[in-house]
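One chain, chain A, links the two complexes that follow: it is found with chain B in the first and with chain C in the second.
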Partner chain A sequence: MAFVNIQNLTYKYPLTKTPALQNMNLQIEKGEFISIIGANGSGKSTLCYALAGFVPHFFKGEISGEIEVDGAASSKSTLDEWVVNVGLAFQNPFNQISGAKYTVFEEIAFGLENAGVPREQMKSRVEEAMQLTGISNLADRSPYSLSGGQQQRVALTSILVMQPKLLVLDEPTSQMDPIGTREVFSVIHNLTQSGMTVVMVEHKVEWIAHFATRVIALKDGAVLTEGKPSDVLTSDLLIENGFGVSRYTSVAREAKKQGLWKKDKLPVTLFEAAEGFNTK
Partner chain B sequence: MKIEIKDLHFTYPTGLEALQGISLTINSGEQVAIVGQNGAGKTTLVRHFNGLLKPTSGSVMIGDWDTAKYSVAKLASRVGYVFQNPDEQLFSRDVLTEVEFGPKNLGYSKEKIDELVKQALAWTELTDKTETNPYDLSPTWRKMVALASIIAMDTPIVIFDEPTTGQDFANVSRIAHVIAELKKQGKTVITITHDIDFCAENFERVIALSNGKILLDGKAREVLGQEEILAQTYVDPPQLTRLGKLLNLKETVINQEEFLNVIARNVG
Partner chain C sequence: MHERLSFYIKRDSLIHRLNPLTKLVLVFAFIGIAFTFPWYWIGLFLFVFVLIPLAFIAKVSREYFFTATRLILPAAGFLFLMQALFQPIGEEIIFQFYFLDATRESLAFAFTIAARIIVMISAFTMLLLTTHPSELMSDLTRRGLPGQFAYVIISTLQILPQMQAKAQTIIAAQRSRGLDTESTFLKRAGSVLPLVGPLVFGSLVEVEERAIAIEARGFTSKKEKTSLHEVPDTVTDKTLRWILIILIILSILLNLWLS
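For the complex of A and B:
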């Protein structure tokens, strides 16, 4: 059975009229790097919450169907059992920072403290995680004195340090400059190489194309289409449904109409575009 | 309304020298994007425009007002500021009250307030959400409420701090539309952004900051083509500019139309 298995999942938040997820089915294998795309309100964050157990255990509401991770069923687990296996970095890092810690180092150790990890082991794990995400220099700063991009790295690190089997990231680079974005993608990529499974919500199409093993496009709480990044990110379905595509894809689509793009397949990345425009 | 900055230095109480001698003139009606790495001083700079920060040394003039001598409340009639995080600026129980708050405080007439609010709600496509509590809206719609509440103040200068962060394609288009409308009205728009493609498509002038100093300042095409200098402040040129470079196009292209024109010419 797949490492993550979502079956007929329908979920409605309390006090809302329409379900945020509607009869969703999704299987994810171990070590995959899944990128979730979709318009605002398509269910991306709710899917993240469902994978992380916050839906329904924290948010309540009405749920049917099942979410299984590594053989365990969400409906039969409690949230504190669930978080051992699944880590979620929030869209807004400010909402994730505990407010109970004075330094970045302590903030990152917070989860390990709660899990009862021995002190020495805790220290080395925190140091390792900070090194991995390039924030060792922030160790003694207050989490609240940081820029948005730095806070996002702290939020990410405080999840990575827990060594979850499934890592769920909701727009982890939204406030980062391009170098920060590149670094985060390459860290995540390396983690998937060593067997971690990653689900990432992301709007930055060019990076998705480079790193994700599969792209899942959501619309109205259900899967619209899924597949290889180079197929999904160039499909007409995306344009028809108001998704953003890379400038390389849109310029080639326009060029094709004018006979300036000769290949069948549209590019997603810089090199695909350069190759295509060169061979004419 | 002209913005004139002379040898601006700013040091935070922690000792961090965030701005180290910025001199800059922004003329009435210009559309300016400010780019640069995290920590370059972008937000620190624009917070001087509405007086949230006061110069450690040097001066910032908004028209004939020296910001050191005017309160934030007073400056709010000249400079509108849309925060990066809408949750830092929203507090009313419904969208309409929120959007009316600014123009009411500026003491405009009832007719003018109604007209400004109507227009701001239309531009941000919030007309059908006036009775909703902003916190019942998704973060992206809250962003539009934040935008509307500042636009409705009808200030000659409008500042956006990272308007496209975390926004989907539809909302980025909405924001671009708002900026275009402000331009038509002759407003000065200053935007901080990491979204360099958005920058290329919507702004005439680009200022790149690095470590509290101006690295580049000029027409979008001139600035965004300087790949090596931009790299110093962790900014990549726009996607199509990079593609143009890789294809050895003679001119620097920054948007789709330019790119296709050059390609078509090369073929023909």
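For the complex of A and C:
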């Protein structure tokens, strides 16, 4: 069975009429780097919350279907047990800082304190995690004195230090500048290289094309299409449904209509575009 | 860097090295004795002969005197005036101020109250100056204080300056759209709503996100929490705490016995 298995998942937030997720089916294998795209209200964040256990354990509401991670079912677990297996980081780095700690080192140790990890082990795990994300030099700074990119990496580290089996990221770079985006992506890339399973909601198409192993497009709370980034991100289905595509894809699409694009496949990145236009 | 709402001065002194709970007990000993010990000059005595030397021992005398002159003494002075003029006790009028008069008894009473207040705030100031808030809270949590309670205290201390900064941003944003924040009182009062609205509603949204963020890190885990920092609790600490508790009890007993 797949590492992550979502079966017939339908979920409705309290006090809403239409379900946020409708009969969703999704399988994810261990070590995949999944990127999720979709318009506002397509259920991206809800899917993230569902994977991380906050739907339904935190938000309540009506749920049917099943979410399984590594053989364990979310419905049979409580939130505090579930969060140990699935780490969640989201958009606003500022709101992910606990506010209970005065230094970055303490901030990262917060989750381990809650989990009751012994002190000596805690220190080495925090140091290891900080090395992994390249923020060892920030250990003694106040989390509030950092830049957005640094704060987001602290938030990521705070989750990674808990050693989750699955990492769920809800638009972690949406408030970052290009430098911050690169910092965050390189950390996630390193993680997937070492075998971490990652599910990431992300709009920066060119970055997805570079790093993701699979792209899942959501619409109205269900999977619209999924597949390899180079296939999904250039498919007509995406444009018909109003998804944003890379500017290189748009250019090549237009060029193809006028016979200037000779290749069969449309590009996503600058490199692919340059290569394609060179093909005679 | 944002300003933090913390009085803690990082220094190495005898007092800094004490266990936070010992210091907390010390604070309550000061308060307990100042309020119950049946001697008229006890407040002044504690202030001059115990608290001030303590400030020097703790190496925070400069910061302490700063707080004392700016906050503690003015507050105590104000309280003294109020009590002296408004307490309707005593016959022997010392001086009059229009229809208000200060008697020998009301002056004595006001002095006692003011001295107690000075001792109380000074003792707390000393605690805050020499104890890191997270150390205090992690020690108390280890002793059974609910983690949620400790979280509320610490995060409030940290998040208030952030809220202040955000309020400043909102004020600047609304002023740039022509909101009047500087003219007559009524106009300024009217401009409170467009300032408070975004701040309050924005904060409510943030609270939910922050709840999710700390929950994702196992905040409500039922496992027994551990703490990154080891807070030392020595035999000296334990002995000192018992001595202080005995002193408080003696003071209370003496008070009951003499009254």
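The criterion applied here is as follows: the second predicted complex is superposed on the first by the 277 of 280 C-alpha atoms of A that agree within 3 Å, B and C clash if a C-alpha of one lies under 4 Å from a C-alpha of the other, contacts with A are read in each partner's own complex, and residues count from 1 in each chain.
Everything that follows uses one rule, which is that contacts are C-beta pairs under 8 Å (C-beta built on N, C-alpha and C of every residue); 3 or more make two chains touch, one makes a residue touch a chain.
Just so it is clear, the structure is predicted and the values come from calculations on it, not from any experiment.
In the superposed model, A:N92 lies in contact with both chain B and chain C. In the superposition on chain A, A:G41 contacts chain B only, with no contact to chain C.
Of the two partner chains placed by superposition, only chain C is touched by A:M122; chain B is not. Once the two complexes are laid over each other on the shared chain, residue contacts for A:A100 go to chain C alone; chain B is not touched. In the superposition on chain A, contact of A:G242 is made with chain B only, not with chain C.
With both structures placed on the common chain, the touch criterion links A:F54 to chain C but leaves chain B unconnected.
In the three-chain superposition model, chain A touches both chain B and chain C at residues 92, 94, 145.
Those residues of chain A lying in contact with chain B across their complex are 38-41, 91-92, 94, 145, 147-150, 171, 174-180, 203, 206, 242-244, 246-248, 250-251, 254-255, 258, 260, 270-271, 273-274, 277-278, 280.
Chain A meets chain C in the complex at residues 49, 52, 54, 58, 79-80, 83-84, 87-90, 92, 94-102, 105-106, 109-119, 122-123, 142, 144-145, 155, 158-159, 162. If you check the complex, the residues on chain C that touch chain A are 1-2, 4, 6, 132-134, 147, 150-151, 154-155, 158-159, 162, 206, 209-230.
Residue ranges on chain B touching chain A, taken from their complex, read 14, 36-39, 84-85, 138-141, 162, 165-172, 194, 196-197, 234-236, 238-240, 242-243, 246-247, 256, 259-260, 263-264, 267.
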